[in-house]
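Order as written gives the chain letters A, B, C and D; numbering starts at 1 within each chain.
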Amino acid sequence: MGQPVQRVEDQRFLRGQGKYVDDIAVGEHALHAAVLRSPHAHARILDIDVSDVLDLDGVHAVWTWDDLADLSAPMAEPLPLLIPHPTLINGRTQYALAKDEVNYMGEAIAFVVADDRYVAEDALARIRVDYELLTPVVGIAASRAAEHLVHEDVPGNVGARLEQENGDARAAIAQAPHTLTLDLDIERSSCQPMEGRGVVARWDADLNRLLAWSSTQTSTGVRAAIAVKLGLDLGQVDVITPDVGGGFGVKINHPWPEELLVPLAARALGRTVKYTEDRREHFIATAHERAQVQHIEVGFDDDGRLLGLNVEFWHDHGAYTPYGLIVPIITSTQLLGPYKPQSYRVVFESIYTNTVMVTPYRGAGRPQGCFAMERTMDAIAQYLGKDRTEVRAVNFIQPDEFPYDHGLIFQDGRELEYDSGDYPASLEKIKALVGWDEFPAYKAEMAAQGRQVGIGLACYVEGTGVGPYEGAHVHIETSGKVKVATGLTTQGQGHATVFAQLVADELGVRFEDVEVVTGDTRRMPYAVGTFASRAAVMSGSAIHLAAKRAKEKVLRIAADALEVDEKDLQIVDGVVSVKGLPEASIDLGTVSVLSNPLRYAFDEASKAATQFSVGDPGKPPVAEGDEPGLEGKDFYSPERATFASGMHAVIVETDPETAEITILKYAVVHDCGNLINPMVVEGQIHGGVAQGVGGALYERMAYDESGQLLNASFMDFLIPYVTEIPDGIAIDHLETPSPLNPLGIKGAGEAGVIPSAAVFASAIEDAEGFTIKAMPISPSELFHLRQSQEHR
Amino acid sequence: MKISGSNVIDQPVDKVWDALLDPRVLVATIPGCERLETTGDNQYAMTVTAGVAAIKGTYNGSCALSDLHEHQSLVMTLSGAGAPGTVDATVNVAFSEPAPGQTQIAYDADAVVGGMVGGVGQRMLSSVSKRMAGEFFGNVGTAISGGGRAGSAASVVETADAPGVFSAPAKVGGIGSQDDFVKGIVVGAGLVVLGVVIGGIFGRRRS
Amino acid sequence: MKPAPFAYHRPGSVADAVAALAGDAGAKVLAGGQSLVPLLSMRLAAPSALVDINGIPGLDTIEVDTASSGGGVRIGALARHADVLASEDVRRVQPLVSLALANVAHATIRNRGTTVGSLVHADAAAEMPVVLSLLGGSIDVEGPGGRRTIPADELYVGPLESSVHHDELAVSAFFPALAPGAGVAFEEIARRHGDYALVGVAALVDGDSVRAGFLSVSDVPTVVDLTGVADDDLGDAALEHLEPAGGIHSDIHATAAYRAQLVRVLTRRVVLAARVSRQARQPKGVAR
Amino acid sequence: MTEERHTVRLHVNGHVYDAAVPARRLLSDALRHDLGLTGTHVGCEHGVCGACTVLLDGRPVRSCLILAVSVDGQEVTTVEGLTNEDGSLGPVQQAFLECHGLQCGFCTPGFLTTITAGLRDNPTPTHEEARDMIAGNLCRCTGYQNIVKAVERASVLQRAQRAKDATVVEEGAHRPSRDQVTEAGT
């Protein structure tokens, strides 16, 4: 633990031998599926005519909603609402194929299976659909105005309204010496992993079983959904998550229509069927995030201490709510960051629009919360004429105040209670790292050259490693090799390396003798998934515990065999030996052999375990409460999340003429508890920062008033190339262990992206001298902001 | 998106009005219209080829004339769908008589462009619609000055085995007599824009 | 995103290519394909046939042309952007071509995309059409009626529309040489490195004459004569010409007003840079 | 199927493949589905992301923007062709491993092919040239920081490797055509 070990999975990736879902079943004449999608944001389907498709060579099936009930009754029902919430009184989910209405441009209408994707798309072009156009509701303002409804039976377009309060914020604000009001706005963006979604399914008629591969963040979730929707027992369905080309949150939502339609087709046609989402589909038919409008009222004292904070916001969740209220709940709670307002009230409405649904995108509501809180801090500093870091410092939860209970309920339904952290220390580190105190001199120096620069700072706290649980299975084979399985999936985080490090450490085996499998329901059927920066915390801890159990058994058997006390044994590089007596030793392979009493020998080694070789005739071969085999299995289920934290600072230059925004320096201080593999953690931070730069300065979903997504391609949705990303990101670590898990670790996956909107707004505001209220921001928008300042 | 314009024709209103309700005239004058089928009173299904440069696509469209106030106004509801996308337009057409024997036609189209085109090409619409309007009126000029065309209404053939199905001679090019052209403007507006937009996409990559 | 089916012709000569084009009104030429193939995949274009000219020998030439008046460089239909950009002859005879090419997409696209293809594609947001227009170059096309030369000012008729007929194949482009003592410069501003420019400006100063070409501003590549305009007025003078001419357009990346601001800034910058380059250049550097 | 198929001969990573494909088959699909070389990935199919980048006669091109029929008879190098003859990682691959230049690995093949050609043309890039070399490829995981490091590291490893190869050639050892492919177009 703590070593920057090179990743084992890279050998495969670097040789082009990764197995992503579209690499499955290549060359075995799998059939390929394609989906007809609505060109309209809001319309009633009057008629679907597929007659021209049937006579097309190479087409094997074409289905609309009308066909689903006959194939499997539950398929004609709406898709599941994954995370119900008592206040989500108007939750809605779509059908696998639209029944009689489409509510966003891109909603699935018909499903075609053909010899290859080319022919499948030929078929789509022959399907004719008659629509009655309905007025689309696009944007938060239109949804709140509610002149038109997304769903006829959802009044005011409001899916849910949730309020939480700790103390009496409104009274506190009324009595506060100073008050401010802010109105803020954040646009939509999306994950855009380089690999889109994909599903392959194979029905084995001989075994009466279904095997499916999906590019998902939860194979157990997909498995359960397939079983229910296809009317199969869970035991008849296996789901494998192969290599995944990035997830960033969007692949945690499930089941996507194709995750059900492809298995359905595999069973109906008796053929292997594959669906590979293309880029345009990923834009118009998968999921987005981020869009919120926020209204903030704050009361504070002369030092900037928060006496009362009252936040209202409106969360655009798109056309459906399969993932419940997770994103806005996270915004409403994580908004508090490292601060302790004396009273806090938050109320949000999660509202419908005729746009692609919203599910978590890396950060999952935290970037919006961070934006609200940090904009408020900057506004207070500006108002009081204080340094922005001072105002933050007086509001920090102090190191001796942990555990700190905010008196709110978090996304996992448990108290929002921070376990540990050291925010003052982080602030000192980030100031040193970015050169905060030296900046005024630098700014003056630049100004003398006619150049505009600004510095920004943003702090965040991230609840990571939420439950309910993860499990792990550790199996020491008679070869001495260790096979580890955990149920959650991997999208590039290097789990095969990081988890192997944990097992090697705990078990005393060589790192290269440990093999880790993730996301295969055949190896670990009980799991939740990879989201909320939980993999290392949850599966890491479970693996640690499972390895401990295996180790206990190793020592027990070895002690027996060597006739010594367990306490005198040590395991080094896969060999159990008596401390200070190396010749008295036994290797793990042999221990594994001995762990499984045999009647039949199948090789030299196994002879040692046969009935005439071992065992006390006076006892049963397998002792009471024991079981054969050298395995350890355990689950980790924490009481609550563990809270990582960090601070970002950035120095930007804005061109006085062209309004171009250039990043001069980016600094990150990050505290995710103990580090398992610093190299991997820094990689996560780099990626998060880059995604944050994209989200703050380049990426947005540009919908027009008719609900058409105008930039549904990489040509116009501007993911940064290396040329747009700072050359070098300064990183400093703080390691405040979590008391909640055996490894003292916290999650690191999302941190890098959380403060970006806030930190860039802060820096651009500092450079320009006027308030930034909306993100992302483009040079064109900055230019117009300057114009509107002049015209005041 | 909105497309609007007006135009004066040296023909009396009643003649223009009658021509407007004649499918033979429609098929001959809608730019790129290859086939037109009567599906009901003043309702037609048609196949139109539209696009710019070499980037053309074939679209199945429908056109319905409603709210007929004889010699005064009508509403034309258009929809076209092809592999690249869809366009749905409502065109309000108003007739007036600026001078005896003349007809002024004002049209005001509101088009919604959807599908792939909506996703990657819509931002070309404004410049494209401007260009289309220019082309329409240019053609009107030609028509008025007597510039004929191969497939004028006269040469439209009604398919024998399928009554009510009209097909224009291959390769619709120029413009028929001036009154015929009126419908070219109004009916064409919605559909042609779609095709032109598609050309717009070409702008987003390098040859 | 997969192309619809089409017939495929791979002619071995220009004559065969022209014949194939003439034989099918729905046929389209495939050269570099860096614009066409994504359109095919999105099914925004569905030509009945593709005439792939990549098999025609002798079309990939890049040569100094002394025959044509004033001399210049002649670039064949299959010369890839990357090869033109790498050509020392081109850089020496008409540096503006090289300056602009360096801004065309990314290196990987330039390895396949062709300069002539980009010219006939007639995209007002692309670099090469405006360069051809500013320099007063031309393209040679071959059709059933034989070969003809289309001067740049007759080439661009509308957005993405050139005056090359459907049954004609553009075989080469001619960029006039930079006159001794003349200067050129190019600059564009894009959202991301390698993206289409929000605004791009090319300038040519020769004696008293000052002319600038603008890309991504209006529907067709536009050239404005700025001769005699004071340096500080260059931007506004350019706008006076550009705004009436079809107007400056807005899109999701930049409003018309912001584009106008970039025109103001870039016009001055680029014209001044062209002057500097003139002083810096050795007249003898121009080949004759 | 009734769609006409065209026979194409592709020389990929030194091996000859004959395939009968429809004219519309993209090179990326031909490599992946017809030839089974799934190391080349498809990220956008409109030429922006660069995941599908392969070397065509030694030059990086987007295989999603090229028709397979259009490159009949030409040499293609994919990520599978970048390892050393002994099966060990090539210099660019090794550098990515050492510098943690990849996470999910999906965009990686496009970077590896691009950088392989880039370092052939410019074996000792400056830091700015190293960044510019990868400026046409999208990565959503790494923030590019370690990929730039990998380019610089690969340049060091590659020079060492090329020195070794050169001596091997002098000894008249057989050079597999993969090397000829990577030499082509220089």
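Assume contacts are C-beta pairs under 8 Å (C-beta built on N, C-alpha and C of every residue); 3 or more make two chains touch, one makes a residue touch a chain.
The shown structure was predicted, so the numbers you read here are calculated from the model rather than taken from an experiment.
In this assembly, B is the chain whose CA centroid lies farthest from the centroid of chain A.
Across the structure, the highest number of inter-chain C-beta contacts is found for A-D.
Among the chains present, the centre nearest to the common Cα mean is that of A. If you average the CA atoms of chain A and of chain C, the two centres end up 45 Å from each other.
Rounded to a whole number, the gap between the C-alpha centres of chain A and chain D is 31 angstrom. Centre-to-centre spacing of chain C and chain D amounts to 30 Å, using the average Cα coordinate of each chain. Among the residues of chain B, those in touch with two or more other chains are 83, 116, 120, 123, 204-205. Counting partner chains per residue, chain C shows two or more touched chains at residues 1-5, 34, 38, 42-43, 105, 109, 193-194, 252.
Counting partner chains per residue, chain A has residues 118, 125, 278-280, 710-711, 713, 715-716, 721, 723 touching two or more of them.
By the touch criterion stated above, chain A contacts chain C in their complex at residues 117-118, 121-122, 125, 278-280, 657-660, 698, 702, 710-711, 716, 718, 720-721, 723-724, 778-780, 783-784, 787.
Interface residues of chain A facing chain D in the complex, by the touch rule stated above, are 6-7, 9-20, 22-23, 26-27, 57-58, 115-116, 118-119, 192-195, 243-246, 248, 278-279, 491-494, 679-680, 683, 685-691, 713-715, 719, 721-723, 725, 727-729, 752. Looking at the complex, you find that chain C touches chain D at residues 1-8, 10, 30, 33-34, 37-38, 40-42, 50, 52, 54, 82, 105-109, 111-112, 193-194. Residues of chain B touching chain A in their complex: 60, 81-83, 85-86, 88, 112-116, 118-120, 122-123, 204-205. Across the interface of their complex, chain A is touched by residues 1-5, 42-43, 189, 191-195, 198, 252-255, 257-258, 261-262, 265 of chain C.
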